[in-house]
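Encoded as structure tokens, the structure appears first; notes follow it.
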Amino acid sequence: MSNKMSKPTIYDDSYAPLLSPWRVKAKITAIFLVIIIFLMFSSWRTGVDLNELIWGFTNMTQITDKLFPINMAILGPAMNTLFETIHMAIIASTFSTLIVIPVSLLAANNITTNWFVYNTTRLIMNVLRTIPDVVLAVIFVGLFGIGVFGGIVALFIFSLGILAKLISETVESADMQPVEAMRASGANTIQAIAYGVVPQVLPQFTSFSLYVFEINIRASVVIGLVGAGGIGSLLMDQFSFNNYGAVMTIIFVIFAVVIVIEYISGKIREAII
Amino acid sequence: MSQPLPPKKPRSTKQIVRNFAICIAIIALYVWTFASINIDFGRVIERLSSNFDRVIPQLFSPNWDRAPEVIEMMIETIFIAYVGSLAAAIIAVPLGFLAAFNMTNSRFLATFGKWILSGVRAFPEIILAILFVVAVGPTPFAGILAIAIGSTGMLGKLYAEVLESIDMNVVEAMQANGANKIQIMFHGIIPQVIPEFLSYAIYRFEIDVRASTILGYVGAGGIGTMIFFAQSGRNWSDMGMILLVIIIVVTVIDYASTYIRKRIV
Amino acid sequence: MIELKDLSLVYPNGHQGLKDVNVKIEDGEFVVIVGLSGAGKSTFIRSINRLVTPTEGELHVDGDNILNYKGRGLRKLRTKIGMIFQSYNLVKRNNVIKNVLAGRLGHTGTVRSVFNLFSKDDKALAYESLKRVNIDDKLYNRADELSGGQQQRVSIARVLTQKPKYILADEPVASLDPPTSHQVMKYLRKINKEDGITTIVNLHFIDMAMEYADRIIGMRAGEVVFDGPVSEVTEETFEEIYGRSIREDDLRGGVEEDVEQNV
């Protein structure tokens, strides 16, 4: 209860221990009401009836009617474009992993003592991270034309933002004492980083790179939808031609590859850390 | 050499073979990738030189006339994310309990639950959106379903992890007092996990706002619809406006969400 | 030879680290600096290799005023001054030999060192240094697998590999137990005698200072309040330096142990 009350008396409710004080109850009720009101407002605004929402979950059979039987003829092209997707993810992940090294050092306050450089790098990376992968792909496909190149650049920028945050935070948490020792023995900045910081962050660096590869696999599927090549482009074509059987086949392939790659990558990451 | 060199580091044959195999695998992966990727650099450069002036300056001079419309669609996007993540936050509770080993006391059920949840997580939201657009037609409702299902996978897994980390002594004490399962649930377990559940749900809402910005591209409502039209019409100053609104809204929601979550936990 | 002339240091927050310090240290000396924490011992030591930069006065190392050194000149100065830290400052994830080789960084080109290409002589030197502190059997152990005393010995080996003319040790035994403390001090003393390396050690413990030093410098509030050979030092001297009577925790105590009998 309130601290303002000078002395609780025996007549004061607050004197007796309550299981949950009314103020807490009121707070919870208020939060609950806000959630509900906002929910009702949103569903009205998006034209979704709450009944329809609940009904929608229970009435999924319509999906199966349209999406089955699946079309196996598409499997060949699906596999070819799938490899293209994986290649895009590999190339983009490789380049972002390389470029993130200087970027994350610039965005770590224990390495970059220049206030302006540090904050500018952080700001750019923070802004990059807010842009959805698909929007990046739309822009770079618009710039470089339909095909994998725009897609690779989009994935590269997208994963650079994520990696820069993860790795600069790891660098910031590194123990700086060895670096001090190396500076004291006459090592230059590059040597002090290579010997004092790199060994400390290397395991996380590898793990995060694999994590970003996982993210890039999903993202490369998605950006294909906007013309960046790979299996996503095939999916979008079949979707716009209303070939729902083929759509379902492609989705199964995507599902399988995402599961397999996440499983392998997860095992490797477990082994590293 | 006056002084002796340090002895060589002892390595087992198994280690040498393993490291060698890893090297070969990585090299093979890159050879395969770069040999089969098909990039026509001539065309890329030709495109870039002809498109650059059309795209970049436009992108950085957003079309302010479209601002009201863009903001309107962004609000719809937030609503889609909100309803979707709220639905997921609720559906994920029973799934989380199912996947938490200390709740079901059955290895089989917990493993089964975790499999379902990681299966769901393997679908990118926009792929789910395609499925639901096929099923219920091109409406925001399809987007909400996609967000709800997509988020359930992650939230269910996180809930299960929270449940597995709770203090089971409290539960044991209640069992010793003769409390029944429902009583234990509401007085022993729920109070322990509510703050973390809430925090994760808000975090997921933050992710869902990003995710739902693109769902409209396949017809599932929200600002993505405008992205689609701006792309097909090559209207880059409209795209600039959309981009600006997305960056601002996502940043604000990120900050708000981080602030609220800090206060909860 | 190290010479501090009217040396003062004021930190940006206004704290006076050193105040008109005049000290001359001859080659081959083993000097122990004593004083309470915050008395300026650390600032004194760190001024010599310019981990901190004094704001007034002159500091001569081998006849050169080092206060205006920067970049390459500063790194060159640092290669001839080895430093030992209270918390060992090893890269915990790296193995012992790699930590010791880091002492050669100042003598190795950037590209060579980034790709870990140390010369055979450097490797032999690192191994020899490890032998001198009797830890060569832990060559390929990771630093964080070793005890505190062992880690401090590795850091001594790192300094030896640097082939310095001077060794600075900033509270080298503050994190160690009494027997290990004596062991580490004995190694420092032995290296000082065998190689003629000028050694300056910060210590809090009176008994250890008396046991190992040739000369004692006492500091209080950034000023040198005593400077003289061990033979002139009495209990009153310490009371003067500390500004209070001597307490139990000013003594390290601990058993005498043979240097060779370790691990």
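Lettered A, B and C in written order, each chain numbered from 1.
The rule is simple: a residue touches a chain if its C-beta (ideal position, glycine included) is under 8 Å from a C-beta of that chain, and two chains touch if they have at least 3 such contacts.
These numbers come from a predicted model, not from an experiment.
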{"item": "Each chain counted as touching chain A and chain B at once", "value": "C"}
{"item": "Chain centroid nearest the full-protein CA centroid", "value": "A"}
{"item": "Inter-chain pair with the most contacting C-beta pairs", "value": "A-B"}
{"item": "Most widely separated chain from chain C, with each centre as the mean of CA atoms", "value": "B"}
{"item": "Length of the line joining the C-alpha centres of chain A and chain B, rounded to whole Å", "value": "5"}
{"item": "Geometric centre distance via CA averages, chain C-chain A, whole Å", "value": "48"}
{"item": "Approximate Å spacing (C-alpha centroids) for the pair chain B, chain C", "value": "52"}
{"item": "In the complex, chain B residues that touch chain A", "value": "29-30, 32-34, 36-41, 43-44, 47-48, 51-52, 55-56, 59, 75-76, 79-80, 82-83, 86-87, 118-119, 122-124, 126-127, 130-132, 134-136, 139-141, 144-145, 148, 210-211, 213-214, 217-218, 221, 224, 227, 230-231, 234, 236, 239, 242-243, 246-247, 250-251, 254"}
{"item": "Residues of chain A touching chain C in the complex", "value": "175, 177-178, 180-188, 190-192, 194-196, 199-200, 202-203"}
{"item": "Residue numbers on chain C that touch chain A, as the complex places them", "value": "49, 51, 75-79, 81-83, 85, 87-94, 98, 102-103, 105-108, 110, 113-114, 155, 158-159, 162"}
{"item": "Chain B residues within the chain C interface of the complex", "value": "1-7, 9-10"}
{"item": "Contact set on chain A toward chain B in their complex", "value": "35, 38-39, 41-43, 45-48, 52-53, 56-57, 60, 62-63, 66-67, 83-84, 86-88, 90-91, 94, 126-127, 130-135, 138-139, 142-145, 147-149, 152, 218-219, 221-222, 225-226, 235-236, 239, 244, 247, 251, 254-255, 258-259, 262"}
